[in-house]
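Structure incoming, see below.
In this document, chain identifiers A, B, C and D correspond to the written order of the chains, with residue numbering beginning at 1 in each.
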Amino acid sequence: MDLSGIFPALTTPYANDGSVSLPDLKYNIQRYNGTDLAGYVVLGSTGESALLRQAEMDGILVTVKESAGKEKKLIAGTGAESTSETIERTKRAAEIGYHAALVKTPHYYKPAYKPEVLIAHYRQVADESPIPVLLYSVPQFTGIALESPEVVALSEHPNIIGIKDSSGNVQRVAEMIAGVPAAFQVLVGAAATIYPSLIIGARGCILALACALPEKCVALFELVRKGHHEKARELQAVLVRASKAIVSETGIAGLKHVMDLRGYRGGLPRLPLQPLNEEQRKRISEMLASLEPATARA
Amino acid sequence: MDLSGIFPALTTPYANDGSVSLPDLKYNIQRYNGTDLAGYVVLGSTGESALLRQAEMDGILVTVKESAGKEKKLIAGTGAESTSETIERTKRAAEIGYHAALVKTPHYYKPAYKPEVLIAHYRQVADESPIPVLLYSVPQFTGIALESPEVVALSEHPNIIGIKDSSGNVQRVAEMIAGVPAAFQVLVGAAATIYPSLIIGARGCILALACALPEKCVALFELVRKGHHEKARELQAVLVRASKAIVSETGIAGLKHVMDLRGYRGGLPRLPLQPLNEEQRKRISEMLASLEPATARA
Amino acid sequence: MDLSGIFPALTTPYANDGSVSLPDLKYNIQRYNGTDLAGYVVLGSTGESALLRQAEMDGILVTVKESAGKEKKLIAGTGAESTSETIERTKRAAEIGYHAALVKTPHYYKPAYKPEVLIAHYRQVADESPIPVLLYSVPQFTGIALESPEVVALSEHPNIIGIKDSSGNVQRVAEMIAGVPAAFQVLVGAAATIYPSLIIGARGCILALACALPEKCVALFELVRKGHHEKARELQAVLVRASKAIVSETGIAGLKHVMDLRGYRGGLPRLPLQPLNEEQRKRISEMLASLEPATARA
Amino acid sequence: MDLSGIFPALTTPYANDGSVSLPDLKYNIQRYNGTDLAGYVVLGSTGESALLRQAEMDGILVTVKESAGKEKKLIAGTGAESTSETIERTKRAAEIGYHAALVKTPHYYKPAYKPEVLIAHYRQVADESPIPVLLYSVPQFTGIALESPEVVALSEHPNIIGIKDSSGNVQRVAEMIAGVPAAFQVLVGAAATIYPSLIIGARGCILALACALPEKCVALFELVRKGHHEKARELQAVLVRASKAIVSETGIAGLKHVMDLRGYRGGLPRLPLQPLNEEQRKRISEMLASLEPATARA
């Protein structure tokens, strides 16, 4: 399975009563189907998976599967804290029809999670998973980073096909790529590093920003793929500004607000995540307006 | 509600098939009922709550409530990542008959959890909780510490009656006590600091070690309460050694092993937490044997 | 050499032109000579040693030695980043007449400073030092903590007589004391933990706050030594408030300002450390005034 | 002043008695003069500046100045902990003939070094420096990172011409570049990110690895400059492996060992930095041998 391309880390829209709005999710997917996004990542960090109940997760998985274009690759976030629940969620995702599972590190019992414990966890999940497994390292949320030695060890497992590294640290990513087999696919999670990551060997990107600006993210991927470096550099600069103002500075709330501005169903995040204040909304609107000339170019 | 005294942070026993063993839990509670423990903390970090399903949690809450001696105070860990689920779990615990809720900080979306966000979360939970709320700060697991300004702000809420601080940092605890009203109860979470914490004004302790050595922990509390400082110092030294060898060095797996050695139903932790290896078991047995003369004294 | 008691971590006063003011330093020492402080710690973190030149350090060492009362124990901060410079500074301090050397961890090349590297460093320093060596762990400044295994290993060296642990983490201190020989002296560095640290076996304290409030710190030490626990608890509560407002919140600048208010030669810190602003000075004055009734009691 | 190109962060060679060997340093410089390195960075972290005395630093500055090819740009590391000593070192470097000063963040009194304190420090240094100033952020050693807001604020100072960011975090670098004026030069410090950093707008690189493999680092810079992307990608992959094995895994000791193997005067690091053990030397030799075919290509 080839994970080249741009995958949005889908957000979760809510209805006015705070419940998950599957119609809004379906609406977003149908619009995304018209783009060249490679597929969808469901129940990732951007999807507020940490704030969802089991039944809500199931509804989301089913809805995206049913709404997605036939050619789209479907990746389900299935990492729970316990090994057995991770396996169960992974099997359920496979049953629904997902092509791969994105498994974040367990992270609560940090002092106990030595490298060998993480390796044992991932091996057991991969052994029992009916679908290929992607490791997922997101230290800014979990406080746990998968380092090169663990990743190299796990890259030998036949059912572990890659990793999403969201650290933004291209040095770490480059050193990781240097140690793993060529078939092991490294994906990154920061729109500000699409171009630099791809040129050092990352295969694709799983991006929050691609929920709001999918065409631009895909355009940059294509520019790099075709070797149009000067245009790639220009578009990357645009996406760095967008990613900084939206994802780095205002998080999921900001991303959803930009989705609203661009005609998607964004809405508010779930508490304890707070909505934007007036000033934040104003700054984001201005930033978005400033992108437009560049948008035309892309 | 007075939270003076020693509360064990109850472990969760599992049957051979990996499911929660409510009979074993009941067995432990019945033995603890014969001690002078002030009450029980259910579904804390030591209870592997991060590794449990919703239905398992419910079974545990009900079983402890039904098995507990009438005079025991019952505290339920109800902190989920989302505000609404935290409120729901808290209401359920109240319904079952728990006297207070221990609410750990949300912690996944760290960059978003500014002090004002944590304060808003706790205020909303406390507003809607039918039972008093205890804050819970455990940065070694969550990567988030409640600092004095937040705690002082929250101590003014009529339904927030105290905090469990598990940082081991007595300086932080002392500075916190200096800032909160006298009625706000500060509990600590490290058996190695029972005596020093109590003498600077902590009200009680919620301890993993009290699952395995309840009598000793209670004896130390009583020695301090009665002002028997010389004996308190001696017993604290014993508990420091025990806490270091068991909780600090081998975590939940080590604690459960000592429970087994002392006739409780400890068992193995749930994966990804690993069982002890042979050498660790040997070292713990030796440490435990070395405590016995001191035990007699307590 | 017995390090029981309270040692101030001496501040460094500057003249109006920014040079070190040895007369002001001498003035402070002469006033301290009239107290029951056990001795003086020179060139510690509070002494802005990181901001001083070699010649300035030498002048300070000589001045304190010449001004100190005969019965005062003299401890020199001699830790440099390189092993050889640390040894040289230690020999110079011995030559001037210091009784012990306080050696902070090297800390710049963090990834290289594995526990075995730190152990080798301290062994070599202790081998060549003409005076006894105290380890010094101050992770809030250095990013490096000496943990129990290293401390236990180093406690076996005949010329390493103790440690100053400034982490404020009494759990760590308690576990350390449990592992070292009884003759190995553990000193702590936080005025907020004098009482709790002493009752679990710390021998003494090296305190910034003792530069401004030496009598109170000594009084607390004596209350604990004599077993007057109720009064100790009260005075400790006063010192927690003072330590929080001065040392924790405003650092060296705040400490020096309180010294000024109490008739010592405090003055301003050296840049890049900034002086207090007007509001900070006002808050500190109010806090100090609020201590006075308690002061009378002490 | 244009800082395009590759600068080695020069190592400091020692004689057998542990003193700085200026002849060996001169030897290295004379060899480097025959390469297309853009200039030299003296007294950086790789130069063990934290382990050197004032007089040693002066000798090194003079020797490099005297030995350097006329066209080489000379950058002196002049950051001390105190503002005044930083200014003095900077003036001395200017006097000797250095073209720019690289000023690392002060870092000892971490809790006091709020962004506004760092900004005030750099402004004062830049106001008084006779030569242009480069900011230097190296959080893996200092525990302090210069973030975008501080860098943007300082980029407006006419005598601050750029920054060296050694974090390896290309996302941070990209976001920084998005916020500063076009004339502000961003340099990076990791050989593993030469290519990705340059294509997103970094101007040049200050590299430890360039002490051992200067031709390869320069070749990669030239490939990127000329737009030979396929060859750049290949050579970057070689340098990632080299940088990982040498700089990331064995630090200054490993770098110096490779210098020895390649005919430079590397030697041992100064204690407490430890020399390589036999196994580390063997692994590095193997890695180096494996680079040779690729070397031919470069």
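We adopt the following convention: a residue touches a chain if its C-beta (ideal position, glycine included) is under 8 Å from a C-beta of that chain, and two chains touch if they have at least 3 such contacts.
Predicted, not measured: the structure shown is a model, and the values here were computed from it.
Engineer: Touching chain B and chain D alike: which chains?
Structural biologist: A, C
Engineer: Farthest chain from chain C, going by the mean of C-alpha atoms per chain?
Structural biologist: Between chain C and every other chain, the largest centroid distance is to A.
Engineer: If over half the contact pairs have to be identical by residue number, which pair among A-D, A-B or B-C is the repeat of C-D?
Structural biologist: A-B
Engineer: If you average the Cα atoms of chain A and of chain C to get two centres, how far apart are those centres in Å?
Structural biologist: 49
Engineer: Quick check: how many Å separate the C-alpha centres of chain B and chain C?
Structural biologist: Using C-alpha averages as centres, the distance is 34 Å.
Engineer: I need the residues of chain D touching at least two other chains; which ones are they?
Structural biologist: none
Engineer: Tell me, which pairs of chains are in touch?
Structural biologist: The list of touching pairs comes to A-B, A-D, B-C, C-D.
Engineer: Give the list of chain B residues in touch with chain C in this complex.
Structural biologist: 148, 167-172, 174-175, 177-179, 190, 192-193, 195-197, 199-201, 227, 229, 232-233, 236-237, 240-241, 243-244, 248
Engineer: Where on chain D does chain C make contact in their complex?
Structural biologist: 18, 45, 50-54, 81-85, 106, 108-113, 117-118, 120-121, 124, 140-143, 251-253, 270-274
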